[in-house]
Amino acid sequence: MNLDALRRDVLKANLELIRRGLVIYTFGNASGISREQGLVVIKPSGVPFDELTPENMVVTDLDGRVVEGKLRPSSDLDTHIVLYQAFPNIGGVVHTHARYATAWAQSGREIPCFGTTHADYYHGCVPITDPLSAEEIGGEYEENTGHAIVRRFDGMDPASAPGVLVRSHGPFTWGKTATKAAQNAVLLEEIAAIAYQTVVLNPEAVAIPKALHDRHFLRKHGAGATYGQPTLK
Amino acid sequence: MNLDALRRDVLKANLELIRRGLVIYTFGNASGISREQGLVVIKPSGVPFDELTPENMVVTDLDGRVVEGKLRPSSDLDTHIVLYQAFPNIGGVVHTHARYATAWAQSGREIPCFGTTHADYYHGCVPITDPLSAEEIGGEYEENTGHAIVRRFDGMDPASAPGVLVRSHGPFTWGKTATKAAQNAVLLEEIAAIAYQTVVLNPEAVAIPKALHDRHFLRKHGAGATYGQPTLK
Amino acid sequence: MNLDALRRDVLKANLELIRRGLVIYTFGNASGISREQGLVVIKPSGVPFDELTPENMVVTDLDGRVVEGKLRPSSDLDTHIVLYQAFPNIGGVVHTHARYATAWAQSGREIPCFGTTHADYYHGCVPITDPLSAEEIGGEYEENTGHAIVRRFDGMDPASAPGVLVRSHGPFTWGKTATKAAQNAVLLEEIAAIAYQTVVLNPEAVAIPKALHDRHFLRKHGAGATYGQPTLK
Amino acid sequence: MNLDALRRDVLKANLELIRRGLVIYTFGNASGISREQGLVVIKPSGVPFDELTPENMVVTDLDGRVVEGKLRPSSDLDTHIVLYQAFPNIGGVVHTHARYATAWAQSGREIPCFGTTHADYYHGCVPITDPLSAEEIGGEYEENTGHAIVRRFDGMDPASAPGVLVRSHGPFTWGKTATKAAQNAVLLEEIAAIAYQTVVLNPEAVAIPKALHDRHFLRKHGAGATYGQPTLK
């Protein structure tokens, strides 16, 4: 994907967040990466979604230096960059304050896999990060937020859980492209909403059996996947 | 209904699910059956709802073999087929992951009849299936999901409960046509939402008396029905 | 208001219910009365809201006999008629299965006045009817539903509480016109939703003091009202 | 801002409330002030939002006397005026009965800072006022509502908390302009909704650490702010 196509994909991802009701005003941000050029395209900071164009997306290098664009990048840029560096197979990152996923993040609870909607996308719970220390908060806060996510994924494949809850903050999601990362943000909000209602109906609800979890996840992911159309993959 | 009309009805049912907010992206599926021809028309697997046309609906026989169309059928096809075989009077089947009905399915609770909105459509609770065994999950999973539904309806008339919660999964609904099945999915979500709020307000709430339940159900169903217009039935 | 104007007002009231998301498909109904002519205009039974026109509204007398129109009247007609006979100052009646008000009705709880939003419209709780007996259900059920409402308002002014929860069923509201009755249905749903969230946040919440309740209700109602524009009243 | 621009800004603020679903019918009101002229522009009382124009906004002096316009001002005018007098740096005030913020107000609970969405806008909890006495309710009620807010902010900078819950009533918010005050009403509803879901998921949830709270609030406010674009501030 060349830089122009990447700008359009990042804009599309940001607009998907608005269209699905996941963000208001200037909340949240989406980015995409060109691995070949070592460049990240990200939403400008504090600009309302309805003023976004492919042109006012900000291009930075992997040290966070702006290389194209007159606007400041999203204040969460350093979190995105840490994720791109740690997860070499992802092409897009999205952050929102969507209501249900953020409530789980604020409650300090990971989301157990209560059903197949969840199992179709996460091969385990939706994980939550540990709290940052006062030093981490006082230092390179956004970068340290990224490190907290990466620590939580120690020994895990990011493709087996395309998102995370940053404790006391909100969700980050990722995918092969910025648009896929945005779709994963929408799916996480759906999973979070249904899980919220599940624990209200049954506070003792537990995760589904591994056999059912595997059956659904592997129907959609990996070499043996049978879901969808071969030509659309 | 000829095959072209059936394709259009199945498309209309799928679009109703999107329009009412019951499904996003590629979640859920609707199908219809031509009993005369022994053919099922169903949504293709993994295709977004806004790309659906009458032409890309998939036609299969009752063994699940594609007889028309270039796309793979919905991965839940085998569940639909089991229902068509066990319930000879239904003409359409719908599956969604709508939030409230899915939360009840995930919570492992059937929905008691708390009021007349429910009684108008279900002559009893909204039933929930038993868990599948590991063998059933590891084997013909989608087909076995259908068998679990049919077992739950042992001795029941499917017209007296036009839907079911598949435990840890989500709702399936049916009706005389695909469109009716989709409307029953919408009605089930409404019933599930009101029941959710009812148990939050009153965790001790119990089902309504049989006299009231019968009065409402029979006002709309059966030989003595007085609801609606004779010419519209 | 002549009969043509009444037909249009009743249609408008029915459409307001759809527009505000209070009803789906054929749920609910609105009616209006011409006191001079002793005629009621009401939604036809089982006709989807988007097929309603001023012409297909049904006109009946106060015995429930159709005097104009080819369609059957709403199955709840007899409830409306009892209310028109018992409450001589109302000109419109509305019934819905809106989610929050219906959940309160199903939970068997009246809605306490938790705040000024409620106090602006109800000079007390939102009342709930007593259960109907098996005989009342088995007999003239819809008429008996009306009688249960009227019994609950014994000694009360219907203008001091423009709606009621019919236990295990849902809300009925009224007003000077069908459109006002529909607006009161919308307001009741808003009050019911906020009260639901209030008891979730604070299960021990109690009704506001009488001084505050009176201050708000009387600011909007009665001879001393100061709210709004004199010319709009 | 001259008076014409102020009228348009106040209209825009009122329309933002409708557009975001915070108000229905004639609920709520927005105002703005011209500090130079000592004039307040406010929504007329009891006029539906879709009939508002810049011309029918009401202009009053700081004693609440109408100086331009034929309509009565919002019944909450006196609350707005008290806030303008006590908080010299604000330019707009908004009042709504939005569902979640009103439920918190009705529950008698301030909103603890459970996460960064909240910390971005409030440098502490969302405060709640003490109850009014019967004398305050029976006297200049609307003015006394303003005094209750000002008492709650004794020793606090209104810029560090751009809104408040009036107990048993609903939220008031403010900002540099009427439009900013309306945006703060939208943000408060978002914060209130997420906090509601947080306490449902975790009734023992506590406020975030001060280090994290400061980091977020000060990223957006004050001399050291790094969020957004310098030219947009």
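Here are a few things to note about the model shown:
Which chain is which? They are A, B, C and D, in the order written, and residues in each are numbered from 1.
Criterion: a residue touches a chain if its C-beta (ideal position, glycine included) is under 8 Å from a C-beta of that chain, and two chains touch if they have at least 3 such contacts.
As the structure is a computational prediction, the values presented were derived from the model and not from experiment.
The chain with its Cα centroid farthest from the Cα centroid of chain C is A.
The two sequence copies chain A and chain B touch through a face in which the numbers common to both fall below half of the numbers used overall. Taking each chain's centre as the mean of its C-alpha atoms, chain A lies 46 Å from chain C. With centres defined as mean CA coordinates, chain C is found 32 Å away from chain B.
Residues of chain D in contact with two or more other chains: 200.
Listed in rising order, the residues of chain C touching chain B in the complex are 24-27, 44-47, 71-72, 75, 97, 99-100, 102-109, 131-132, 134, 137-138, 141, 168-170, 196, 199-200. Across the complex, chain B meets chain C through its residues 20, 114-117, 183, 186-187, 190, 193-195, 197-198, 200-202, 205, 208-209, 211-212, 215, 219, 226-230, 232.
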